[in-house]
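Per-chain residue numbering starts at 1, and chain names A, B, C and D are given in the order in which the chains are listed.
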Amino acid sequence: MTPTTPSFDIAHLGHVEMLTDRFEESLDFFTRVYGLKLSGQDANSAYLRAWDDYEHCTLKLTRAATTGVGHVAYRCASPEALARRVAVIEASGFPVLGWVAGDESHGRAFRFTDPFGHVFEIYYATVWHRPTGAEVPALKNNASAFTGAAPRRIDHLNLLASDVTEFRRFMETCLGARVTEYIQLDNGRIGGCWFTVNNKTYDLACTEEHGRGHARLHHVTYATDSREDILRAADIFLQNGVHIETGPHKHAIQGTFFLYVWEPAGNRVELANSGARLILAPDWQPVIWTETDRKKGQAWGLKTIETFHTHGTPPTPTPKE
Amino acid sequence: MTPTTPSFDIAHLGHVEMLTDRFEESLDFFTRVYGLKLSGQDANSAYLRAWDDYEHCTLKLTRAATTGVGHVAYRCASPEALARRVAVIEASGFPVLGWVAGDESHGRAFRFTDPFGHVFEIYYATVWHRPTGAEVPALKNNASAFTGAAPRRIDHLNLLASDVTEFRRFMETCLGARVTEYIQLDNGRIGGCWFTVNNKTYDLACTEEHGRGHARLHHVTYATDSREDILRAADIFLQNGVHIETGPHKHAIQGTFFLYVWEPAGNRVELANSGARLILAPDWQPVIWTETDRKKGQAWGLKTIETFHTHGTPPTPTPKE
Amino acid sequence: MTPTTPSFDIAHLGHVEMLTDRFEESLDFFTRVYGLKLSGQDANSAYLRAWDDYEHCTLKLTRAATTGVGHVAYRCASPEALARRVAVIEASGFPVLGWVAGDESHGRAFRFTDPFGHVFEIYYATVWHRPTGAEVPALKNNASAFTGAAPRRIDHLNLLASDVTEFRRFMETCLGARVTEYIQLDNGRIGGCWFTVNNKTYDLACTEEHGRGHARLHHVTYATDSREDILRAADIFLQNGVHIETGPHKHAIQGTFFLYVWEPAGNRVELANSGARLILAPDWQPVIWTETDRKKGQAWGLKTIETFHTHGTPPTPTPKE
Amino acid sequence: MTPTTPSFDIAHLGHVEMLTDRFEESLDFFTRVYGLKLSGQDANSAYLRAWDDYEHCTLKLTRAATTGVGHVAYRCASPEALARRVAVIEASGFPVLGWVAGDESHGRAFRFTDPFGHVFEIYYATVWHRPTGAEVPALKNNASAFTGAAPRRIDHLNLLASDVTEFRRFMETCLGARVTEYIQLDNGRIGGCWFTVNNKTYDLACTEEHGRGHARLHHVTYATDSREDILRAADIFLQNGVHIETGPHKHAIQGTFFLYVWEPAGNRVELANSGARLILAPDWQPVIWTETDRKKGQAWGLKTIETFHTHGTPPTPTPKE
């Protein structure tokens, strides 16, 4: 793998649409326990954001017959950058869905899919959150009032795919993303790959999965200001009967301090802290993790929990799960 | 002020050359107390870096007759980006010093100055730190062995200038930097301005100063992974007799948790933590702080210490100081 | 000063009755912003506790014509210990008020006063908080459901007196308290004194004050699990418009990490963290701080804020305040 | 189990003698990696302490043919308390070894054993650490210079025994300890029991073990000021190739945030933080954990690692280990 240069046309991960078949419980979880704010709501969706997300919506929670990811949205750097990207995507051969009208959180968006069925969109016109009343932050450089909740801003998501090498080609081609770290399996395949479009160490990861389903989601993550926020959140999850799957611990890959829980409908959500780590080097070479490396477990030796390899959303009726 | 778009030609702040007239004491401070690593040393300079800085040097400590900043260096995104920037700078009308050969930490660099005498350079060819022996990190995505020291990577510096508006024109023109926050004085002048070339909230700040000297430095800062790292460092500074000027506290501007100390020769150095805060919005509007805002003090009410307005390096014989 | 041995008859500081002439605002502050829980309420008082306080009440907030402290209550180790202490106090010559009936939070208590008008009581029979429903903690060794709020348990209070030496005699005689640290003024007087009845480093402090009033309160403090809890609380106070008087910073005396705010009626309340510090040595010698020591400010150099020397409750019409 | 009252004759856990058959490596680990200070050394032992331990020695590291615990020492509250305790122990029927001369860290001590072969001693005369030179702390209420290392003071140890009920009788009888929490097995036996002689939540724990050996040690623990100290230590252990057995995580029992590693000779050592938790209630009822409770794992769901049930020192040739 040779390093790639970010296109700069894509500014950042904008939002993720998460599907839930337990809408009310999921909404209660995200607002009362996980700590997001409700920006608005329409017939089928709730528009959520963390206290320092500048956009109206970073998590669109949508009532559905099942769970998983509705779509993944990246915001472009400018209208011109959006046009450039659309042209690239249309020429790429990856499946194009075309323009959609947007919703209360952003303007028109261009949709396309990866080869595994995940729907992506890119957009530029967005709705900045304009706080009023009690939502006005004490510090004018914050997006809205500090609540004390752990999530400060959306961070990344993880998607499952049967061919990570092909997914990588999709991300590099369509989003101009670059690879910061990946897992090189002994069989020559890529077991997992971490992508970024900016200076964050990653905004999307892809993990290999076979025979378990289509277009599955592994998890969605919000960033916290400190590891202490995550330790405190663990006690809040414990007190509220939330299923804590694994953590708090530190990933070897990317060095992220993490905590994974399942929201009421079963979608996995994470809280993560990267400390001061950024990818600033323009000639960053992807870090390669071998199977031997992975056998050491997480950074401090925690074995990866079995459900991490089997649980995704929507769930699938496989022998193992 | 209208927002500007980053050029992407400049990748990040690379290093700062700090002058000291107490070289041995300064070197002892930076390596034993502040927590940097010594990458190498030549006749006049020590090349220092934090444990997760990828370059051979992020602080070049140079023996001199006085204190202050020798030069400020930004790394370009590619050789082509370097060439583009050189052309822009040469056409800008700002004073050009031309190419220099580089040193043990990087290849040739193009030098120029701001209107206040601070020397800048841009370069692409650099020396990646290649750890060996005990310096090999346990996690291969770290630049070198974790030491437990507070500074993880270089973060930013602050320069003093008599005309911040003019300094802003310099930064936008020569480096393609964008302004994220600034202080709007009642007299119409800009009191301070914060710049970034990437997704960091700032990598350089400029504060207005009159009649105190030329090309002065306010401070150089390294980033820590947590606020706890800074609290712990405060106790280490206390134990080692280091002059703690102000902090730990939280800045209203940029929301940075900070601690300022003076190294033995008198240069101000900071440790800072920004939590998960980044500037990801491509259309970020600079946050404007008025004099009325500033009268509230720092975020939690701490009054700005008087020496913050008077102490810079090199020192100057003014009535007030 | 020779060290004293704790009597062991007194187990711990039980509760403080705080007076407020803005009852509704004070109650809103303590429950919604500061993070206490409401155990119950009667005509004139609200009974509050932190999430891990085992007693029904550790802060009794009482509607009054002014502010300050109603009484200070210590719990005895047993009924026999209570009887022993009552005998000691009755023989001590300090003013005795006699038995009172108690309230919804504890049984009968024996009241007496220090020479400066502060009312103390000691009691044994108490009401353990028995959580039900959503108040049941996830971990059975916690007193009630974890809320994420900063205060974990009551910690200490600080009273103002014109003669700290005499106050010390009162504490040693009546409560069998021992002195862990004190300020020795150049004029031979004691400027402040810290007392404990158990292994906490202090549960009561007394600071010298002249000509400002009678039976005044300096502050009441709750303990937090971490310094991060206090930093987070600072942002919550900021967001809620609470007057932050000073901090977060670290006291030189006792090494406590602190944050002082004023509740709506003007009583000063603190959040504090002592880390792992305890006084376990049975032959602990009081640490003596001189005026020279005190001129260094707090541990990391913060100057003591002027209002710390003038503001107490109830307020008094003095020239300086 | 009815609650017991502490005797107050025993002030606190004083020190633990740890045996090592890799003396040099163990000493290097404790001083360079774990963060203790070397107070002194004689032919067979190194006398170690944490930076805020007031005694000359809290860990006596002794060269031996095997690993495990040499003896466990508690300091009495006074010479009279020591005499009282000796009388109680002599009358108790538990095996008495009699007076020993002490060493460079304390005066004469009275030795006795529990029914499982662990040697205990009690003493009063001790050697306070009197710092000089660079060891003088910046804050005079600290025992010695702050180093930044995680361990602040000795906290507790855990011993293995075949009959925890009998061990409990030993602790209550000989040391006047009280039980704060215990594990009630379905078979009627006690699986583990936590004891304290003061306001700490525990200073000694005992865990049931069958057929694996005699007088075995489970672990020795030092307290840290914060959870962040432990997270940072985890990275230091990782970097130094130390075997991290389990953690960082939070125990359900006692709510302690923990990290367990093996020092080079195989003795298990822990770093732990209890936050602001203390046992202040004089009528504290032991918290009882059932097997059903224990099946939930640690506080945030981590399964107890298998070696926690098998690894002790000295090691024993059992089928499972």
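Annotations
In the analysis below, contacts are C-beta pairs under 8 Å (C-beta built on N, C-alpha and C of every residue); 3 or more make two chains touch, one makes a residue touch a chain.
Please read these numbers as outputs of a predicted model, since none were measured by experiment.
Common partners of subunit A and subunit D, by the touch rule above, are B, C.
Centre-to-centre, using mean CA coordinates, subunit C is 32 Å away from subunit D. Averaged Cα coordinates give subunit A a centre that lies 46 Å from the centre of subunit C. Under the contact definition stated at the top, the residues of subunit D that touch 2 or more other chains are 139, 226-228, 235, 238, 299. In terms of inter-chain touching, the protein chains here all touch one another pairwise.
Within the complex formed with subunit D, the subunit C residues making contact are 5, 8, 11-12, 52, 54, 75-78, 81, 139-142, 152-153, 155, 181, 198-200, 223-228, 252-255, 273-278, 280-282, 287, 289, 293, 299. Of all the residues in subunit D, the ones that touch subunit A in their complex are 227-228, 231, 234-235, 237-238, 244-250, 257, 259, 299-302. Only residues 137-139, 145-148, 226, 228-229, 232, 235-236, 238-239, 241 of subunit B touch subunit D when the two sit together in their complex.
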